[in-house]
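Below you'll find the structures, each written out as structure tokens.
Consider the two complexes below, in which chain A is the common component and chain B and chain C are the respective partners.
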Partner chain A sequence: MGKYWRMFREFFRACLVEELEYRSEFLGNLISSFFGIGIAILTMNIFFYQTDRLGGWSYADVLVLLGVFNTLKGLIDFALRPNMPRLLEHVRRGTLDYILTKPVDSMFYVSFRHLVFWRLIDVALGLGLVVYGLAEKRYFPSFVDIVVFFITMAAALVLIYSLWMMLMTTSFWVIRIDDLSFIFDSFFETARFPIGMYRGWVRVVLTYVLPAAVITNMPALSLLGKWNISTALIVGCLAVVFLWLARRFWRFALRSYTSASS
Partner chain B sequence: MIEVKHLHKSFRVHVRKAGWLDAVRHLWKREYRVVEAVKDVSFTIEKGEIVGFLGPNGAGKTTTMKMLAGLLHPTSGEIKVGEYVPFEQRAEFKKMMSLVMGQKSQLIWDIPPMETFLVNKAIYDIDDRAFRRTLDELVELLELEPLLTKPTRSLSLGQRMRCELAAALLHRPAILFLDEPTIGLDVHTQEKVRRFIADYNREHQTTILLTSHYMGDVTALCDRIMIINYGQLIYDGELAVLTEKLAPYKRLEVQFAEVPNVRWEDYGEVAEIEDGNVVLRVMREKVAEVSAHFLQHFRVHDINIQDPPMEEVITRAFQEEVPHGS
Partner chain C sequence: MVRKYVALLRMKYIEMLAYRLATIVWMTGAITQPLITMAVWMNIDPSQSDAFFFYFMAVIFVERMTSAWDVWELDREIREGTFSNYIIRQLHPIHWAIAENVVYKLLFLVILVPIWAVAALFAPALRFDISGGQLLLFLAAVLLGAALRFLLSYTCGLLGFWVTKVAAIYGVLEVISLFLSGRIAPLEMLPPFLQQWSIFLPFRYMIGFPIDIINKAANGDGIMKGFVIALIWAAVFIIVLQFVWKAGLKKNQAVGG
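Moving on, here comes the complex of A and B:
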């Protein structure tokens, strides 16, 4: 474990050096991050001109949800998104061979080798929005709220990671990766809103099949003190199951790679 | 160090004909054909040996090497590298070997090679002192000092190759697989890379298996060669023996003041005649006699006796030892 932590730090450092090669990008990204979150808040405001509840959530609740969404999005863009097109490159150009000869877990390597550190701005902005939402509501979360928040947040991250990883693994067979990112994006966009907004089968799908809504709704609800322990446990278990599935799928893909490619 | 017994590898490839009709039919009905890339290959390599692995494109060199490195599962047969079975992909195994592919890079493109070295240091869990010591040695041997801080993308192909070698050797592997390490390099850089490989092998007793298209690599580095063609090992032994066996002649190049009117076939096989320059393939036991005869009877400016070039020998090996067809 210690070794993997050291490796992660080294990846981070190397990527920092890599990013700083192109310094001018920094400012552009800072601006786009602020712009992105600004537009999201504005959109919510427009909704709330018409109503004071959205799927059973008040304005301040939705701000917290948006904050959670932004934080998770930042983390995805920080660690996951930069690695996805690279796996495809590795497969196509055969440099995956180098990764497979390294004494590290290959799934760890392909998931975290490239980090785009300035995306952490989104994480900071998201957390800021969470705090702002709570202040607006004048709700001070209890210690237990925060613990449950961290648990569900971790579960959410594991869930996203697993779904993302499974999608990424298909690049062993699928050649056009842009389409894959697009699939994930449109799926993840649904997590921006309270689950109560969705009706019928869409809601069922988003809760159980592709648990997008659960991913953001659970942590937000926890922080607002509206958690219940059994749902938290279910989300935790779901995360473990998905991680297991992703891992199995990766192993399966590797097996077919190492027994077939030339 | 490396032990291979009755190694087989076959691939299933689907057969496709040209044309859109077939492309459509291909959607639901695929025809497969089994290609045997490696057939019943057995050999042993001792610690510290440098072995050259030769063969034309598609002969099975890279496939065999990939199986040795644990990247491909053999269809059948046994491989042991050190105490390990490569395709089990144990971390201990990976730490004792390294792979360098001339056509594929592991360096990070946008930043200096030093950063790749540091990433590898973390991956192989090398402690600071060992890392420093190894790096210093490699920097000196490969003359990397001025390259360490330049972005990889601005390095020349030769400079990059030297950095690739360093990146691959930082963890002091006991076995090194080199797949076309000098491909695309100019003669001078090829020479540099060869000298480094030879020195490194002598210094550290690293076992090296090398594939190459350049005969120069092989003649300069390897005492022993293995030739593979159509997936079969057709020769395994000393380079000198192969030359003697397959090329029992020498290349005799004579520069005459004026070309005498004789029947060259009486002396040997004519390779080329141009102006006053005559190149003959003369059987080894007759070389001394023939050259003495020329010197005695004709006015000769220059005379030169050489072993036949490696390319010629290898080409003959492919032609003569291989059963017809595939």
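Moving on, here comes the complex of A and C:
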């Protein structure tokens, strides 16, 4: 475990050095992050212009949810997204061989080698929005709320990682599409809203099959003090199951991987 | 000219077939956002569910028919220098882009119209009852919308002669259009001042206006006014495009040149 943590730090350092070459991009990235979250808030304002509750959530609640969403999205763009096109490239050119022969876990390496640390701005802005939403609601989370928040947030990250990894693993077969991440994005967009907003089978799918709603709704609900211990446990179990599935799928894909020359 | 276009269209058609899978995946890509927005509105006002269903299905249809991707193509081609291949040919490069748009949108039309027809059999909310004249007006509005979006996107792409981040500029325009074109909400649901803005800016005519016609949300007077404003914008875009094109050619220095 310690070895992987050290390696992650090393990846981070390498990417930081690489990106500091392009310092002038900082302003542009800052503007685009502020623009992104501003637009998200504006959209919510348009909806709340016609109503005062969305799927049973008030405006301040939805701001907290949006903050959680933005934080998670920032983390995806920070660590996962930059790596997907590179894996596609490795598979197509057969350079994945070099990674497989390294004495590290290949799944860890392909998913965290490249980091775009600008996107941590989104994480900061998301957390800021969470705090603002709580202030707007005048709710001060208790210590237990925060502990549950961190647990569900960790579970959410594991879930996101697993789903992303499963999608990324399909690149062993569908190498012709340049970028698969928009499939994930389409699905993740649903997580922007309270789950109570969806009806019928859509809600069932988003809760159990592709747990988008669980990913953002649970942490937000924990902070708002509306958690209960059994759902938190279920989320934890779900995360473990999905991680196991992703792992199995990666192993299965590696078995069917033939290098470019063979 | 006609012969040239036939050749161009055939070439683009073959090109499209070569990227079948990417085309299909790409076509389904833009569906989730309107569907989620639809769910939001149905939640806000459940009594209007059928109307929202029709509206957002129409958004998906019109959005596909008017979508423009030329800015990304131009951005890449100018940056990598491959755009020079088009500049030295006698035919203005815009014709290649127009031919490509025609081919792809005909494909979307051929696929989407039967889907709509079959879906309408099962979902009464998708049926509509309009006269032939209104249908023609609707098609004209879609065509005009496609032209507006194409011109805007192509002009933005040509700015690539000067700046390297045209995709970002266009991204900002896209976000503005998200609100003012009727994609986030039917325009009558917006706050009044945004509604007023939307009438005079070009974005509404790219998506919302055709839907207003088929929805019968716009009356004869409003339709007339809408067409006039949209045509004025089209003229403005054409003039700007020509200006940018001429200035851009002077500025252009191909990579490696």
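As a convention for this text, the second predicted complex is superposed on the first by the 254 of 262 C-alpha atoms of A that agree within 3 Å, B and C clash if a C-alpha of one lies under 4 Å from a C-alpha of the other, contacts with A are read in each partner's own complex, and residues count from 1 in each chain.
One rule holds in what follows: contacts are C-beta pairs under 8 Å (C-beta built on N, C-alpha and C of every residue); 3 or more make two chains touch, one makes a residue touch a chain.
It should be emphasised that the depicted structure is a prediction, and the values quoted were computed from it without experimental measurement.
Looking at the shared chain after the overlay, A:K102 reaches chain B, while chain C stays out of its contact range. In the superposed model, A:E21 makes contact with chain B only, not with chain C.
After overlaying the two complexes on the shared chain, residue contacts for A:M7 are found with chain B alone; chain C is out of touch.
In the superposition on chain A, contact of A:T43 is made with chain C only, not with chain B. For chain C in complex with chain A, the residues that touch the partner chain are 21-22, 25, 29, 31-33, 36, 39-40, 42-45, 165, 168, 172, 175, 178-179, 184-185, 189-191.
Chain A contributes residues 28, 32, 35, 39, 42-43, 46-47, 49-51, 54-55, 174, 176-178, 182, 186-187, 189-190, 192-193, 197-199, 202 to its touches with chain C in the complex. Residues of chain A touching chain B in their complex: 3, 6-7, 9-11, 13-14, 17-18, 21, 93-95, 97-98, 100-104, 109, 258-262.
Residue ranges on chain B touching chain A, taken from their complex, read 11-12, 37, 62-63, 66, 69-73, 87, 89, 91-92, 94-95, 97-99, 101, 104-106, 108, 110-111, 115-116, 118-119, 121-125, 151.
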